[in-house]
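One chain, subunit A, links the two complexes that follow: it is found with subunit B in the first and with subunit C in the second.
For the complex of A and B:
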């Protein structure tokens, strides 16, 4: 690792409702460095602290100083410009529908750029690009009412709203939950493309490695508020027994390979794509 | 950040497993009702002092931290002070002498005294109901209310339905609070800074949350109705309880103690 990490957590701990009878310790000492341009998956079962870690990136919690750093600066230091931080770290929440602030689709997507002071003409361009990007054609959707849209469409509006802010860091919490297979594929393609084109730093949070394995090359596994694994995707995938024990859904090819190992005990552990699996199987079955 | 759960204690249930938590729910409800009646009969500072002393004692027994309770009531007390200031300034009863006067506004000893008694009465009412909810789980509260009100069923009052409506209303308070916090966080991430600016700006930003809160509230109510239908809800008819409430001698003793104390506070 070299250079200043764009995001860094140093022994980050967080307790919700601290000092009340309902205190709930969510994160118990997470240290993590993310370099610019990295694509990191943060995976873990429910209550592992993923969402709290995500919230900390944009200072959406009562943070204590010395724990969360953006480009080397302590975000909880007095006088730190949180507004500027939130213009650089875009977060798509687990239920992105809650992020919608305006009634009309176009106005909502324009909200971020406008409040960041982008000129009207540029904002228009960004809205058009973002809406087209998430598969809601700008011309048809910009004047529609948000509340008249379906759940999946609303989610795309919310994602477009974050994309339009053109943040160098994009954090997504369970981005594909509740989407149909086609919507899921489209969204993953879009995110991969955006990350390539704009050299984004991408953080994807999930209980499943299925989507993360297609987008990310590094995986951080959390359990009960602590980091239990951190490494390149292929290395983490090799520890499939541990992942299954943590109740983390494996990518389909890996899960299939686990089952097929009854027949072919020598199948490799790091088959991330269906093509890898197919190739290995064809090899073992012998080409007809 | 917006942390309403830290700042609104009303309607929360905190289980510390104390003596107060274990008292039969019917007895607690009856005692709270008794205190409410007493608060309308008592009309001097000494009486309220005595009555409040009992509630403070109950709070200590319940092992609910006082700091948590006070911090969670700051909004309420602030609002109360605001109202009492008007009560004093616009006091219209007989006044023996004015401490300060300007047009229709005045401060008199009598005005201060009535405002003080009124304030204590409201604090007492708030304290007793909040404490009841802090120490009684919703299930116990429902069962207790239902049993206490069951005689009314004879004159065809739909007790079960009324209690259900009450319970749903109470239960939705924390849900809405959680939802507001989540909305505020989500919108902050998009550049609506809920954690910056003066009190007025902050209050105006809260307005942005109201429309989605209402829409989600209606959606939630719809879902709940469907859920109840699919689980064959048909009111309280022919319904039996898994847990039958039994009040023992200590429960009756507690009720007797509260009754005696309130009588003393009234007559003193």
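For the complex of A and C:
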């Protein structure tokens, strides 16, 4: 791939509480280029450094110059406009429903654009577009109380709040944790569709490859603050033994295929759907 | 035991209407039973947990825990009988060191010091936390924190332990290990366990599965019985473990898989038990 990456980490290192006895080296030299329009999963076990990488994209850390770049610009350079960065990179943190700030749905989604100085009429349009986009129709939901919504609906309200900022980059940390199977499928479909329609760059951070396998085409695996794999989804999935050793949750079909390989040693490693696995088994069992 | 007779509960909305979260729910759970409760977001699972822990009270009908009605005047009795572990351990850990946090509940029951020390020691041991009993909470991993939260609940010596999606923020291998620990505790301590989850593979590890939809219990039975109803579950936004669904697909193609198939290991076993001649001869199978 060529051109200026939209996000880039150059030998990014980060130590919490640096210089104290509790210093904790979370990221130990991560280099990563993300091109506009890419859909990248950042996957790793707990404490692999992935949340620190997410925080670096939002410039929520005391970054040193020369490590984190947005559209080729060093975000830690003196005078860099962090406000502008936050209007370009939208972040959906883990359990985003816990950071809903208003009682009423419409007001919460409007909070970001209003704070960023968007005029009332434009904000109204953004709120409508974002709520409709997450499947909570504006007309039915704008006046509903947040506390009377289900967990899945609150998650969507929080995501709508980030979408209303119309950022070209969307970073999501464990976006489907706690959602039921249908809610999870719908959210993944929604994110895929939004990424298509708005040509978004997506970064999905997770300890599981379940979601990543349905949403992303590139996977970066972190362990102990370093990149241990980076490549196309199917290539990474082929290294299932390494992934299991890292406590990374495999997609269900891949996990099942691992078990069934005791019987059928030649089952392929990159079966991402139940249909794929069924087809391969039927072939081996020889039924019509 | 836990008994619910015609329990209804409604939340108020902004427009003044009441949104029913539980509708005329009848349910009974024996002491010592291990039950998984599944249902989509908004099906009433969390409201049920709030009623069983005396955080909310039924709008209609009656809920009883060991015969004690869930009403405001009984809230402390109920909370001694039922302990709950939430999704995010940070929501319920209150002290800065592991052992202090586990001791917090028993201390508030006003128990003698010796008994508190004994309960804490046993709870730490049950969750494998002895070696980190003096560790600051902030140094723990998410999986360790969730163990501390469970140890804290256990130290209350409840009749029922409710786990409200405690694994949804953990990687699947850690979640499975945690469920195994809880099952061992159930065997040793004899307390009932209610596990609220969105993970169908986890639900399959329990003795009974209750499926909630629209504030009602719409199915109840063994995991094998419930997960056989693939289409009905998908209609209400749920799923079944992949092995169960795949087994059903293969059976419908005439492959005679025997037994209950809920896990990948079950599927492997059933496939390896197929005799030659059970399926057309050109098989390149085992």
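In the analysis below, the second predicted complex is superposed on the first by the 278 of 288 C-alpha atoms of A that agree within 3 Å, B and C clash if a C-alpha of one lies under 4 Å from a C-alpha of the other, contacts with A are read in each partner's own complex, and residues count from 1 in each chain.
To be clear about the criterion, a residue touches a chain if its C-beta (ideal position, glycine included) is under 8 Å from a C-beta of that chain, and two chains touch if they have at least 3 such contacts.
From a predicted model like this one, the values you see are computed outputs, not experimental measurements.
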Combined model on subunit A: subunit C and subunit B, fit or clash: clash
First (subunit B), second (subunit C), both or neither touched by A:120: neither
Partner chain(s) touched by A:61 [first = subunit B, second = subunit C, both, neither]: first
Touched partner set for A:23, first subunit B, second subunit C, both or neither: neither
First (subunit B), second (subunit C), both or neither touched by A:77: neither
Which of subunit B and subunit C A:104 touches, first, second, both or neither: second
Winner by number of subunit A residues touched, once subunit B and subunit C are compared: C
Touching partner for A:181 - first (subunit B), second (subunit C), both, neither: second
Which superposed partner A:91 touches (first subunit B, second subunit C, both, neither): first
Subunit A residues contacted in one complex by subunit B, in the other by subunit C: 95, 147
Interface residues, subunit B side, partner subunit A - complex: 1, 3, 5-6, 12, 14, 16, 64-65, 67-68, 182-183, 185-193, 195-196, 208, 211-212, 215
For the subunit C and subunit A complex, residues of the former touching the latter: 11-15, 19, 39-43, 46, 87-88, 141-143, 165, 168-174, 198, 200-201, 237-239, 241-243, 245-246, 249-250, 253-255, 264-265, 267-268, 271-272, 274, 279-286
Of all residues in subunit A, those that touch subunit C in their complex: 45-47, 94-95, 104, 143-145, 147-148, 150-153, 174, 177-184, 207-208, 244, 247-250, 252-253, 255-256, 258-260, 262-264, 274, 277-278, 281-288
Residue numbers on subunit A that touch subunit B, as the complex places them: 17, 19-22, 55, 58, 60-62, 82-83, 86-87, 90-91, 93, 95-96, 98-101, 103, 111-112, 115-116, 147, 161-162, 165
